[in-house]
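After this come two complexes, each holding chain A, first together with chain B and then together with chain C.
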Partner chain A sequence: MVSKTEETQLNRLENQVDNGGGGAWDYLCLARKLKVRRPEKVLKYGLSILNDSKKRSALGPGEWTLYEQVAIAAMDCQCLDVAKDCIKILQKKFPESKRVGRLEGMLLEAKGLWAEAEKAYSSLLEDNPLDQVIHKRRVAMAKAQGNISAAIEWLNKYLEIFMADHDAWKELAEIYVSLQMYKQAAFCYEELILSQPTVPLYHLAYADVLYTLGGLENLQTAKKYYASTIDLTGGKNTRALLGICLCTSAIGQVPKGRNKEDKESLELQSLAAKALEKDYKQRADDKLGLLTSALRSLKI
Partner chain B sequence: MAEDLVLDTAIRDWVLIPLSVVMVLIGILRYFVSKLMRSFQVPDPKIVKEGQVIVRARNLRAAANFIPPKSFRSRRVYFSNEENGLLFVPKGQAQNAQAQMFSDPNMAMDMMKKNLSMIIPQTLTFAWVNFFFSGFVAAKIPFPLTQRFRSMLQNGIDLSTVDVSYVSSRSWYFLNLFGLRGLFSLILGEENATDDTQRMMQMSGFGFDPSKSLGAEKDGLDIVQHEWALPKFEHRAEAVLKKLVS
Partner chain C sequence: MAAELKYEISQHAYIKLVLHALKHNTTAVNGILLGRVNPQNENVVEIIDSVPLFHSNIALLPPLEIALIMVEEHYGSQGLGIVGYFHANERFDDAELGIVAKNIGDHIFRYFPQAALLLLDNKKLEAVPKGKGQSPLMQLYIRDTSKNWKLAGPDGGSRLVIKEPAANVVLSDYISSEKWQGIVDFDDHLDDIKKDWLNPELFK
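For the complex of A and B:
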């Protein structure tokens, strides 16, 4: 995930290059380092550098990484001829290279030739069974074809070996949620919380999944996680505030099993409601009426 | 002897400086040669998996208080249970790693290459110094030393009455050997093969022994007491909201 300072820096560079202020190479390097996905801009500025032979020779060995970056951006924008040219140039320079092989596989994917791409990736994996990027491309391909169960299977196999890769856990959690397999999604979110306990996003998502699962214990746990999200974001997260209100009213509706903990939580709910009203008044005054009527219907 | 010997400035011009320059040049040469000779080592899948398992187990230990007790317990069982827990290593396999490293031909070749690239230039340079630059006083060490160092520092000087602070060029060679490391990291960047002292220390503390670290992680995990931190968060959220609303 990109930090705020890095994002502002990237946007500043982007504006600068857009308005003709130069600095395209810095922008491309930063985009590559942060792994953000801005295909049109990368394609435009990358091509402008590559087509100008003076600028190209000024790059030195960075030229080849630029070719790779532009090829991927071209595939993203479906400019397959541009991509094919770049890959051909790279192939001439680096024959028998795994990185170029991977780009070829991606080109086959972009053209929609799934079977050939699958073959290309399998042969690459035979040579190097521990290449993380190719494993992930295989998962992405299965997902793009709509074959979600195959995607899940590949992703699980990948995670058996590389279990510390939290991007993969995030992807798996999203797939499970899209398939409504909430228990498994909860497990994935727990893994994410374990590896990065201070990121409020995961607490929020976990709380959402628990609330959806329902049941008294899950609702109580969900409330706790909404509370931790509020704590981590300083009370600014609207979704967590609404979550607290919903959870408390849902717990109230469960016929048995309430304990004294829930009595204290009534205060939390009223505080959350007040904070919500204040927030709405500041930012979306016209919707305040909707909010108050919704909250009133929740209160038991 | 209390009087000072006056050393010819020609010694400085023709001994100290050339010796340092030669050592720097040999270091740079070794760096490029090692880059050429470096072979690509295919990582073993089992070792990669074990590395990842350790990272995951460590995360579990560190952030255990953030997940509900039931999930923590189920994960702990998954990691350390007797039959197929990930961290559980039966006693017999524990010693395998070292034996494996010696018998694996690729790794043995790699180690030999690294050792050779270090030992041969050192030996050659040492022999060269001894041959050409022995038999005279090269420098004076600014602090006094005891008589014990005489044999080490004054190899060519056969006068036993010369002050031990006056040393021969062999000691200048050793000084350069250990001291040029900083210079090399400036010139060649962080990763350079001239880091002999580091490599010597690495050789003594041998090898990556995954089974031991797995066992250590398992013990650490068994010790952890799960204390769910989430209830506290409710109170903290209340405090935050109170401040926000007021």
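For the complex of A and C:
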């Protein structure tokens, strides 16, 4: 998961390199650190360094990590020859390496040779049963073949062992959402909020899922989590502010809900609306009219 | 709906949807179709514009509800309404109209009974730079009398055409020049309200 500042930094570097200002190595390091998926750029910049023997030797031991990074990016862009070349070089340098073995497995995946890839991963797992990357490749393979239920099964098995892997919980939640299995998605977000209570993204996603589930209790809880998102983001999260308004409107349409609305929550809605209007006036003036009528249509 | 309808999509609306799918090529994307029934011919539905909506967590209600309210409000003042929905699946070889698309389609159908569901045809998209075809890269689905979304086939019945015959050539050009980088969807707007989901500068 990448913060806005980190993303801006990465984009700035990208622009810099694209416009000939250098910084390719910095970009590649940052991209690897943030674990973002930008295969076209990584491939382009990576090859520009690797194909230049002077630049390559200046990297020192970083050269090998770069080969790995470029191999993966090449596979993502379906440039399988490039990937194969990088992997060959790594094989030569690290003959018995499990890490290179993983790349070989991924190349089989990229070619669509699922059975062979599964065989390669199983044998790697025999020697190293706690290799998280390989476990996750299994999930990815299931997903790639369209076998979503297998992906869910593998991912649940994975999380029983590696329950602190937040990205995996988030991935599982998103798979559940895509299948409209909102209760299960809610459970995932609950786990995430328990282990990382100050990450606003989880509060927001949880609120969105609860709202989608519907029903008075879920709407009221959703409102609480939109409120905590606003708290954690210093009032700057547009989605959470809109969420408050949506919840208030939806709660008001449930017969029991109208009575339960207290002064405090009405105040919350009007504060959210004011904050939105102020923000739109400042930064998206041409859309202010649309926002105002949207808010108007949401008030009971 | 027993009548055979012609759905005529403008190049503008069409290209926006495909570029959106290309920009977010690792996730499912969706969009809304805006238009009206042709005032001179009630068997023609004009899809005049489109708004790319989301590229993440498509099946969550809050962002969708807000988007529909704002989109309807904006286009309503121009005499246009929501006439359909566009969806592109996450995986290349997934050619199925999924349940989320159908549910959203059902919702739109309630307000516009001639609603069209368009599903991006990935294999046709792959062939675009090579071929000179004029047929749209999307499959058309319409609701039949038994409340199912049915694929409009080549054997008669309703069909989807692009208004401007050279649309795929223009699209090909845009793909080579990576025009899809500039596309803004509703997700982008919610993350940063300065970004305009109307994409006013995109084709200038």
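Here, the second predicted complex is superposed on the first by the 257 of 300 C-alpha atoms of A that agree within 3 Å, B and C clash if a C-alpha of one lies under 4 Å from a C-alpha of the other, contacts with A are read in each partner's own complex, and residues count from 1 in each chain.
Keep in mind that, in the parts below, a contact is a pair of C-beta atoms (placed from the backbone, for glycine too) under 8 Å apart; a residue touches a chain by one contact, two chains touch by 3 or more.
All of these numbers come straight from a predicted model, not from anything done at the bench.
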Which superposed partner A:Ala120 touches (first chain B, second chain C, both, neither): neither
Which of chain B and chain C A:Thr221 touches, first, second, both or neither: first
First, second, both or neither for A:Val70, with chain B first and chain C second: neither
First, second, both or neither for A:Leu130, with chain B first and chain C second: first
Contacts of A:Ala284 with chain B and chain C, given as first, second, both or neither: second
Which of chain B and chain C A:Cys188 touches, first, second, both or neither: neither
Partner chain in contact with A:Ala205 - chain B first, chain C second, else both or neither: second
Shared contact residues on chain A - chain B and chain C: none
Residues of chain C that touch chain A when the two form their complex: 26, 28, 56-63, 65-66, 69-70, 73-74, 90-91, 93-94, 99-100, 103, 190-191, 193-194, 196
Touching residues (chain side chain A, partner chain B) in the complex: 128-130, 160-165, 187, 190-191, 193-195, 197, 221, 223-228, 230-231, 234-235, 244, 261, 264-265, 267-268, 271-272, 274-275, 278
Chain A partner contacts - residues on chain B that touch it in the complex: 42-43, 45, 48-49, 52-53, 55-56, 59-60, 62-64, 66-68, 71, 230-231, 233-234, 236-238, 240-245
In the complex, chain A residues that touch chain C: 37, 144, 146, 174, 177-180, 205, 207-209, 211-212, 238-239, 242-243, 246, 279-280, 283-284, 286-287, 290-291, 293-294, 297-298
